[in-house]
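Next, two complexes with chain A in common: one pairs it with chain B, the other with chain C.
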Partner chain A sequence: MLFTSYAFVGFLALTLTAYYLVPGRWQWPLLLAASYGFYWAASPWYLLFILVTTASAYGVSLKLADLSGEQRAYLAAHKDLTREEKRAYRAGIKKRKWAWLLACLFLNIGILSVSKYTNFVIRSFNALTGRGLGPVDMIVPMGISFYTFQTVGYVIDVYRDRQPVQRDFFKLALFVSFFPQLVQGPISRYGQLSQTLFTPHKFAEKAFSFGLMRILWGYFKKVVLADRLLPAVTALTGDGTYAGAYVLAAMLLYAFELYCDFTGGIDIAIGVGEAMGIRMPENFDLPYFSKNITEYWKRWHITMGTWFTDYIFYPVSVCRPMLRLSKWSREHLGQAVGKRVTVYLASFIVWLTTGIWHGAAWNFVVWGLANWAVIMVSQELAPLYERFHRRFALRGKAPYEAFQVVRTVLLVSAIRMFDCYRDVPLTFAMLKSLFTRFDPRVFTDGSLLGLGLDGADWLVLTLGLAVVLAVSLYKLKRGGIREALYEKPPAVFYGAMGALLVCTVVFGAYGAGYDVTRFIYDRF
Partner chain B sequence: MDELLKILHSLHPEVDFTAREALVDDRVLKSFDIVSIVSEIYEVFGVAVPAEEIVPENFNSAKALYALIQRLEDE
Partner chain C sequence: MKGRRWPAALGVALGVLGILYLAQRLLVPKYQTGVVEGSMVAEYYRERVDHDLIFIGDCEVYENFSPVTLWEDYGISSYIRGSAQQLPWQSYYLLEDTLRHETPKVVVYNVQALRFSRPQSEAYNRMTIDGMRWGPAKVRCILASMTEDEHFIEYLFPLLRYHDRWGELTGDDVEHLFAKDPVTHAGYYMRADVKPQTGFPAPQALADYTFGDMPMDYLGRMADLCREKGVELILIKAPIEYPYWYDQWDGQAAAFAAEQGLTYLNLIPLRQEIGLDMTRDTYDAGLHLNVRGAEKLAAWFGGWLLERIDLPDRRGEPAYDAVWEEKTALYDAMKQQQYAEIEQYGELVTFGANAVEG
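And now, the complex of A and B:
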């Protein structure tokens, strides 16, 4: 059941109506039933996968909390122990907790890896050895990466004693399967989402209408803009036909398509939550206004970035072998090299994992490592930039900041081309053609009209993207536009909502020649 | 405390670490800085700061960070 299907719209209307009709204490059980219904509609088999994840997280988190409780009780009852005895006792408990955590991680990351990467391994094996092993028919449950990461994060938080355990199986089941975020995130933390997920909510006109407005805004970006851009991006990146300046067109069009597609889906998810009084974390903070790639990755897919930082980057960076490596490097290679070793290595692992997480193909591995390389180079050049900024005093000047923003958009868009072309060599060849076969006339001689989009489509796209830009600039300068509209007479707010609905229905890219497509991030 | 201040100062000479109370929240210290600090704490104090202790409240000020080192030394 895609967010963009009529079935989902009907399902959502029924769920929202029922949510406010049932007594408050029945709201979260209703959401659990709705979430399982949503998942069952995709495939009954998927339920088996999500149940295994939920049950293992439930059992292991209980065990971890019990072991922590046992430790607290023992140490409280044995205050006379020496420091060494206490240390030995804690180490014993930690070892047992670690074994449970490891079992849970192996099971869940194992399921994720086998279902998503078996055929990638077979393809790579065939390519390396010249063998012809056939692909395996695997079930890849919808949103498995998202719910696995979210659930594993919860278990690690319990292991770290940072999160009280949830002893109600059904509440944990709802956290794992909450339908708006099941397919493409955001990746919530238990401590944050649970604050509003299980509490009763009375109907509140403002929260409900804000939620609906955000849902409509998400649909507008998805079906009017992203799906309209899709044929052009597909045509441009289908093979090596469109080189040179066309690659620049592909970079920019895909940048907008992906932005509208992914932020549209997240707006729908967060908007559904808002309409029910449930707060989910934001996943974007105007990423295309970033002045460098590091900042961009703090503002794009935020919940994935913070997840990787907290659960992979830090544990890898500060584990004892890494600390010993850092010490050794400082002693033998000097302070300058030594202090970089752990950061570079841990970042490499994070970006390699990020690449693999995005897709079971070498394109994504190279995409991840290209991001890593650019970030590391930027890190190394930081002192040089600093000297440059002190010398020329450009910082804060609008034209220079605009240059930084454009440069960052072009850079991330160029790296993202690995996501579009069929393989790595073709991507490199096409990026090279930007410099060797660039003919700017394609932007003015009507060539772009032959990409599956006619003049009317380009007009809708131009106006639609202007609206998205205007809303973004408003947010950047003055804050949320919904709040501003809500402060005006009701006719303005509801008029804007109606206009958004009409534009989405009238200009949505469906009907002849179009199919409402899956969200790009569904496949991750 | 002086040794810790020396570690922090070497990363950001322009920051007065005795006065700042929100080093992480104000984004003075970023993830790469935090990893460098943990590595140097291991080298200077012989204390391994585990990943579960990398939370803003432990790194927001030099005082909080020093208290963390002392607690880990005691445990």
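And now, the complex of A and C:
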């Protein structure tokens, strides 16, 4: 059931209605039933996967909590133990907890890896060895990356004693399967989401209408803009026909398509939560206003970034082999180089994982490593930038900041081309053509009208993107636009919602004549 | 919600519904120029008198029989509930819909569409179904007709289907926002131009000539419904050779009719008797008759029908005279207009699929 399907709109309307009609204590069980219904509609087989993940997380987290409790009780009952004895006891418990955690990670990351990456491994093996192993018909459950990461994060938090265990299986099941975030995130943390997920909510006009407005805004971005851009992006990135200046067009159009697609989906997800009084973490913070790529990655897909930081970067940075490597490199390579080795290596692992997470193809691996390389080079050049800024005093000046923003957008868009083209060599060839076959006339001679979009489409896109830009600028300068509209007479607030609805229904690229498009991040 | 916000929310909601309603009226195709077939089904509901004879079927009825001729020659009040690529289940539900409004003495069904075993085309579905009035027949017709990519809700709210027509709106869409002009003459689609029949591709052998279960089931339901309502059902095959009407199909239609005690009339072998001259009586090289051919066929068929069934001559009944006088005047005027265009331009300009808005 796609967010953009009529079935989902009907499902959502029924769920929201039922949510406020049932007694408060039945709200979260209703959401669990709705979430499993949502997942069942995608495929009954998927339920098996999510149940295994839920059951394993439930069992292991209980065991981890019990071991922590056992440790606390033992140490409380044996206050006379020496420090060494306490340390030895803790080490024993930790070892047992680690074994349980490892089993849980092995199972869940294993399911994720096998379902998503088996064919990637087979293809790579064939390419390397020249063999012709056939692909395996794997079931890849919808949103498996998202719910696996969310669940694994919860288990690790329990392991670290940062999160009290949830002893109600069904509540944990709802956390894992909560339908708005099941498909493409955001990746919630249990401690945050559980604060509002299980508590009863009375109907509140403001929260409900804010949620609806955000849902409509999400649909507007997805259906009016992203899906209308799709034919042009598909044409431009198809087979390498469109080179030179067309690659620049592809970079920019795909940048907007992906932004509208992904933020649109997240807006729908968060808006659904808001309409029910449930708070989910924000996933974007105006990423295209970032002045450098490091900042960009702090503002794009925030929940994924923080997940990788908390559950991969930090653990890898402080794991025993890494500490040993750090020590060795400082001793043998000097302080300056030595201190960078672990950071570089941990970052490398994070970006490699990020790339693989995004897709089972070498394109994504190269995409991840390209991001890593650019970020590392930026960090190395930081002192140089500093000197430049001190000398020319450009910092804070609007034209220079605009230049930084445009530069960052172009940079991330160029790297993102690995996501678009068929394979890595073609991507490199097309990026190269930007410099060897660039003909700016394609932007003015009507060539872009031959990409599956006519003049009316471009008009809608231009106006729609102008609205998105205006709303983003408003948020940047003054804060949330919904709050501002809510302060105006009610007719203005509801009128804006009505306008969004009408524009989405009339100008949306959906229905007969359009391919039903999944959200781009569904496939992750 | 605070009391003072309710009225605004309600007001905006009503305003949005109004805008969406107007948008729907504007964006739904009007089928007034060019492809007018989408207007045919709805036009039936404008009829002011009942009919003794109803034709049901695809272009082989709505382009080949002239109800005005049936009226002028025999005083038969008839109507063609035809639509492009009308599938058997659609014919059944149109019949069910018709019999809710009136009870004719005879229903004539053209069997050409029995060759279709499953839903075919969204565009044709829309042209047949959109014009039906809402009721159980329309709901069931939609459910039976939808192709894989169609959604019931898009029939319920056609704006969801036609929302993207904003880029192709024409003067017709504005002019006919709330009211449409008739495009048929008691369901007959008139073409006065001539394009002689020269020949058709040789028929290709089929792997299986058996009509599918679905069309035969609906044909059976048509027979049952007519029996139940005391209506005589006659099956015909229009005198059109292409698409090819195989002997095996003909045999099945005849066998069904015999089994059900119905009359089945294949008009293809009777073309000479009817007086059809396919070098002059067709406008598209033999696929459909022009008005000259349709009048010949109606004249012959009316006589044939009256030899078998006692249909009243309604001429002289004031209510019928008034209606048919109007229809006949419109019919004659359009025929003259078409002849005039042909004389002036050598072809039709404001009529036909490629017509421009007049």
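One rule holds in what follows: the second predicted complex is superposed on the first by the 520 of 524 C-alpha atoms of A that agree within 3 Å, B and C clash if a C-alpha of one lies under 4 Å from a C-alpha of the other, contacts with A are read in each partner's own complex, and residues count from 1 in each chain.
Criterion: a residue touches a chain if its C-beta (ideal position, glycine included) is under 8 Å from a C-beta of that chain, and two chains touch if they have at least 3 such contacts.
None of the values given here were measured: they were computed from a predicted structure.
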Q.
Quick check on the superposition: with chain A as the shared anchor, is it clash or fit for chain B versus chain C?
A. fit
Q.
Quick check on the superposed pair: does A:A470 touch chain B, chain C, both, or neither? Answer first, second, both or neither.
A. neither
Q: Return first, second, both or neither, reflecting whether A:V377 touches chain B, chain C, both chains, or no partner chain.
A: neither
Q. Touching A:D454 in the superposition: chain B (first), chain C (second), both, neither?
A. second
Q: Quick one: the Cα-centre angle at chain A between chain B and chain C, nearest 10 degrees, please.
A: 170
Q: Tell me which partner A:L21 touches in the superposition: chain B (first), chain C (second), both or neither.
A: neither
(Q) Touch test for A:E205: chain B only (first), chain C only (second), both, or neither? (A) second
Q) Just how close are chain B and chain C at their nearest CA atoms in the overlay, in Å? A) 37
Q | Residues of chain A that touch chain C when the two form their complex | A | 6, 205, 209, 454, 456-457, 489-491, 493-495, 497-498, 501-502, 505-514
Q | Sites on chain B touched by chain A in the complex | A | 31-32, 34-36, 38-40, 42-43, 48-52, 54-55, 74-75
Q. Which residues, counting only chain C, touch chain A once they are in their complex?
A. 1-2, 4-5, 8-9, 11-13, 15-16, 19-20, 23, 27, 122, 149-151, 153-154, 159-161, 163-164, 166-167
Q.
Per the contact definition, I'd like the list of chain A residues that touch chain B in the complex.
A. 83, 86-87, 90, 159-162, 309-310, 313-315, 317-320, 323, 326-327, 330, 339, 342-343, 346, 379
